[in-house]
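Sharing a structure here in structure tokens format.
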Amino acid sequence: MVEITDTLGDQSITRQDGRKVDQLRPVRITRHFTDVPEGSVLIECGNTRVMCTATFTAGVPRWRQDSGLGWVTAEYAMLPRATKERTDRESVKGKVGGRTHEISRLVGRCLRGVVDMQALGENQVQIDCDVLQADGGTRTASITGAYVALVDAMHWAEANGHIASADAVLKDVVSAVSVGVIDGTAMLDLPYPEDCRAMTDMNVAMTGSGTFIEIQGTAEHRPFNRSELNTLLDLAEKGNKQLQAAQQAALAQD
Amino acid sequence: MVEITDTLGDQSITRQDGRKVDQLRPVRITRHFTDVPEGSVLIECGNTRVMCTATFTAGVPRWRQDSGLGWVTAEYAMLPRATKERTDRESVKGKVGGRTHEISRLVGRCLRGVVDMQALGENQVQIDCDVLQADGGTRTASITGAYVALVDAMHWAEANGHIASADAVLKDVVSAVSVGVIDGTAMLDLPYPEDCRAMTDMNVAMTGSGTFIEIQGTAEHRPFNRSELNTLLDLAEKGNKQLQAAQQAALAQD
Amino acid sequence: MVEITDTLGDQSITRQDGRKVDQLRPVRITRHFTDVPEGSVLIECGNTRVMCTATFTAGVPRWRQDSGLGWVTAEYAMLPRATKERTDRESVKGKVGGRTHEISRLVGRCLRGVVDMQALGENQVQIDCDVLQADGGTRTASITGAYVALVDAMHWAEANGHIASADAVLKDVVSAVSVGVIDGTAMLDLPYPEDCRAMTDMNVAMTGSGTFIEIQGTAEHRPFNRSELNTLLDLAEKGNKQLQAAQQAALAQD
Amino acid sequence: MVEITDTLGDQSITRQDGRKVDQLRPVRITRHFTDVPEGSVLIECGNTRVMCTATFTAGVPRWRQDSGLGWVTAEYAMLPRATKERTDRESVKGKVGGRTHEISRLVGRCLRGVVDMQALGENQVQIDCDVLQADGGTRTASITGAYVALVDAMHWAEANGHIASADAVLKDVVSAVSVGVIDGTAMLDLPYPEDCRAMTDMNVAMTGSGTFIEIQGTAEHRPFNRSELNTLLDLAEKGNKQLQAAQQAALAQD
Amino acid sequence: MVEITDTLGDQSITRQDGRKVDQLRPVRITRHFTDVPEGSVLIECGNTRVMCTATFTAGVPRWRQDSGLGWVTAEYAMLPRATKERTDRESVKGKVGGRTHEISRLVGRCLRGVVDMQALGENQVQIDCDVLQADGGTRTASITGAYVALVDAMHWAEANGHIASADAVLKDVVSAVSVGVIDGTAMLDLPYPEDCRAMTDMNVAMTGSGTFIEIQGTAEHRPFNRSELNTLLDLAEKGNKQLQAAQQAALAQD
Amino acid sequence: MVEITDTLGDQSITRQDGRKVDQLRPVRITRHFTDVPEGSVLIECGNTRVMCTATFTAGVPRWRQDSGLGWVTAEYAMLPRATKERTDRESVKGKVGGRTHEISRLVGRCLRGVVDMQALGENQVQIDCDVLQADGGTRTASITGAYVALVDAMHWAEANGHIASADAVLKDVVSAVSVGVIDGTAMLDLPYPEDCRAMTDMNVAMTGSGTFIEIQGTAEHRPFNRSELNTLLDLAEKGNKQLQAAQQAALAQD
């Protein structure tokens, strides 16, 4: 188990934004970002900003009815000018693109990984992650922020008598972070310019107990070996611990 | 011409949110809300919050080429949980709905109404208005906020040598406000609960010189006569003057 | 109140098609244009020709069920060669365009403005306006023609025992006309060539009692002031009175 | 070769609408039905009414460029209330249905069958057939009417110097008619109620020289044998001769 | 009636692939091509290869409920590299093309033509024909192969107690073959290179009793007369008899 | 490094299909499965059967032009009856689903991971993976099969002078296999019934040199720890070595 005060990786390197290789960007989690949703969170990881809402609805989709189980889904999207070049709206194009689909599914799986569907009962939570500004790591920020929105929604549901206990639904904490190999060096939490140059890029979602919910490592540009994988997972573990501390701090406030 | 310090309408009435019939909701305009776009504004009118960005692109669509003229378009959308009930994403439904189309076109016309296309040259501005939270008046807030984003984008374009003069492009100021008749009383700037009960509902976009760019009055529930129309236009004029003062104040800051 | 025999505007001007500024194009309303629909009308305003049908269906959409109220919707479309240049079919493009959406919604609101939904009961009327030939004013012709089709459909519904009384459903008459400012002169009922040159363009739907159901004034090319607005509304009132006379004459025939 | 004054089939039978088995419904072909298209025809076969326009455009689609050859396509559609029950618009559904596709392709092939693409040169004709009222035989009426619109468009193109000779382009006449077996009896030109009951249904497009361009016989309900086929083809030949006489008569007028 | 050992057409001609004008390409029908479907057949006609599956589902679509009748539909598609040039996927394009629609409908009609819907009861069969390799005649191969898959599905349904008798459902055999006129000579079973050069192209679906279920003859390039039609039908009859022998042989195996 | 003759995992367990936990299903790779594509492979892993084609096209998409680099993409799809219950076609639904998008992107990344884009030059390879029968592991079978099709396409391209050297393009071998934890036991190559019950499910794409190109581990049902991850990766390494032997064997044949 990695102590989070320990340093990891090559400490002699200073990154373009002044960070060490094992350092997260500043994280800011704002709860109740908007008033209406059952959970509404703005998460900022460096310049990446994602608005995450959790919508609680009594009842489940038809295919899930009479199972006694709940359901959690997620949708991810980017506002047109989240990016340097404007991206055309998928609504206007008339179809959801592959990247959007891929990330939406990832976010959904990660949150379902910490939800006890029995305890949720026949209720549904819809997570919406809308990227206001993108500077790398939008999918991992979405997961980390969405978890906080989910917690708020569960407390709302408990307070409103829809579920017996928010704590029973939430089996564990989940957060996610990106890691990657840049010019042969493993680094934590890649902003967009690093992400573009990464030879290996990995997104790691972990629980509070230090287990994995999702690992997605991709190496279009140069395959990685076991030892590199282990370094990346160490970095991810360190980053996730810190993100979970930030989640907890946000949830402790009222 | 109405002096904006004057009162208008029935001053004996106090609205649900404590306002007089001729009073705007608090307006807050935040420039540089995000870092990347040429213009990026968050406008808040009461609980309504819209993020407006202006994207400047050199060149115009094919049908406009070799005309010497620029072009300005707008797209409006709501995030799924801008509303009390979650609204399905139009990207997921695979089509843009009628209301969205109608508002996008309205915003575009209003901004084009104050732009000198000759002075803009063969360049394009794309306005994006994304509603983070909806409490009535999202289309008029979009116009008012988008104008400020447009101004910032024009200054960016001047500073970067794309246009000769931002001032030459911007022929006038534009803002918009809603007015309506509730239970027989004309009122300014309707929040959602009033909007629902309005017998007549009108959106009025005006220039700084007090002329009209767009009037859209609709009376599905009870037609209105000339005298009611005149009262509504007086209220709209007062509201727009105040909104334009807020725009100016925001633009005066650096 | 304007007497319809009075003249309005600058009588010294003769328009390209020989009309005075306050003169409508010839209107022809043919009922029972096709045999099958509950209401079927061909309206011709100059060279503009729109086929308007009204479909009566017992029952209402799900969201309206058990309300005791009826519903009226409208869809507008142009045949490909209604225009000088062929327009691609929206069915082939796979999506309904913004202009089509905007007009469909306008026509629907105008007709709902004169229908007593209680008296209609849980029944639905679907209006279809298909432009066979377009020469300006297709949306206002659609409203004027659709009203006549609606009346026929209501009589059919009464005769067939679906509603108690057609007269109870129809609270008032509705017609619509376009007005605009061309080269500084306010004019009534703009054909396409004038419409293109209009600095201000306004569509005005009015009831038989002279009140407004919808005002849509747009001034992309030059804003208009209160006094111009008043002149335009006077012209619209005169035009609508004459259109309503034409509606009545058509309905008087058998 | 069948003489068109001869009678065919069982003359003892009188059909629901009073016709003999070998009798066409009344045909009416109105040229210049609308003013704008290069060819615009309303064809009425009994209660079936189809508006057929031919749009001439200089130039061909990319895949046909530099071939020296022209191109002819067709699109068929039904207005929503052409039918007894209202049909939802394909534009609103966002896709063109199978029946529409099938008929559009049929109409296109039939017209191409009489066009000399070399003589047409690199020009395109787009045929649009919009059914105003449907009472059986809409696809064959479309072909018959579209041919007349095509002829008008070719004369327009000749007069405007786009093609050398309309006569050179038009290799032959084409018309089409439906035939079918109802309760064991072969009949010509089926209206909707007969069409529904037909055991075999066949659409036959023929040239003026009596040859076939398209035969589409379908027998979902009871297969047919060679002898029945021959009777049906005899009826179709008789019908097409009469339709071609109607086309000629319409084209003879000015 | 043509004896299938007889020769037909001009026997002096040898085709590019060595066949006589009245000769089929080699046919191979493989049942149980995949394990899961109720019927699964690979049919190979020369280089054309189509996988045909029949899916049996208890119950019918809503519009057919409580009729006591079953339903049979079909969908046809080509894999992207069935053809020499890769064809874009219709799923990616977001719409089914006209050719696909046309063929799907044809296959469905042909199979329905030999099914007793009463005997099928309120059950549905969905035929899927996916072209693995295309060398002409894919639609007729689909029909011929799908019939065999249908028979297997009916036996499955009988064995599983869904229908009383497979034999009662299957009123007759159906197969289909293409014929055409190449350089003035009528030929049977056209591969792609011949299909391209065909002046007349005809697809003929016949029952085991020698009657027609569907005839689709098209002559974009040169119309055909009665005598040519008769030769083509003779060839089709011969081809279909041989295809039906191949179907029977396949079905005889276990 | 794991020797592939070694055994891994709990050897006392026998799986439902008789395999040991570290045993692959039988693999069969058929090259030249169809005749037309530059590479065409049928891969069978147990009952899973995927047809993989590689289409070589000279030139690259517009965004890649003048880069001197090639491009490789992939599309994955399932035939409707690949599965026990028929799956509706995405072409008919009008949109590509999230799962399809996700897998298509995965396959594309894996193949790009072993391609030297410089050596490919400005040429494009499109991989199509169509699942004829699905019994778990369709995405990993797609990758393994597609690699063989890619090799064939590269040899075709070399032989036809489009690229200098197939060997220069292919930097390494790639194959993929699924591993998972079933009832607490790590297992290799999961068929559908195991896949459904897996608590953790991981797809691992590896090169011939034993490095990773893609790791996608997901644990919706029970998170996994480092030690489980290591066991899974050992199994995946063993499986991939054997799959690469099968690839090599297939490629050795002519």
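The letters A, B, C, D, E and F name the chains in turn, as written, and every chain counts its residues from 1.
Rule of thumb we're sticking to: contacts are C-beta pairs under 8 Å (C-beta built on N, C-alpha and C of every residue); 3 or more make two chains touch, one makes a residue touch a chain.
Owing to the predicted nature of the structure, the values given are computational and were not obtained by experimental measurement.
Enquirer: Shared touching chains for chain B and chain F?
Expert: Intersection of chain B and chain F contact lists gives A.
Enquirer: Give me the chains shared as neighbours by chain B and chain D.
Expert: C
Enquirer: Find out how few touching-chain steps suffice to connect chain A with chain E.
Expert: 2
Enquirer: Given the pairs A-F, A-B or B-C, which one repeats the contacts seen at C-D for over half of the pairs?
Expert: Matching more than half of the contact pairs of C-D: A-B.
Enquirer: With chain centres defined as mean CA positions, report which chain is farthest from chain A.
Expert: Centroid comparison gives D as the farthest chain from chain A.
Enquirer: Using mean CA coordinates as chain centres, what's the chain E-chain F distance in Å?
Expert: For chain E versus chain F, the centre distance works out to 34 Å.
Enquirer: Centroid from C-alpha atoms only, then distance chain D to chain E, rounded to Å. What do you get?
Expert: That pair's centroid distance is 28 Å.
Enquirer: With chain centres defined as C-alpha means, what is the inter-centre distance between chain C and chain E in Å?
Expert: Each chain reduced to its C-alpha mean, chain C and chain E end up 52 Å apart.
Enquirer: For chain C, write out the residues touching at least two other chains, lowest number first.
Expert: Correct list: 94-96.
Enquirer: Given the touch rule defined above, the chains close into a ring; going from chain E first to chain F, what order do they follow?
Expert: The cyclic sequence of chains is E, F, A, B, C, D, beginning at chain E and stepping to chain F.
Enquirer: Would you pull the chain B residues touching chain C in the complex into a rising list?
Expert: Against chain C, chain B makes touches at 95-99, 101-102, 104-105, 109, 112-113, 172, 202, 206-207, 209-221, 223-226, 229, 233.
Enquirer: Can you list the residues on chain E that touch chain F in the complex?
Expert: Going through chain E, the ones touching chain F are 34-37, 40, 47, 49, 51, 53, 55, 57, 75, 77, 79-84, 86, 89-96, 100, 126, 128, 130, 132-133.
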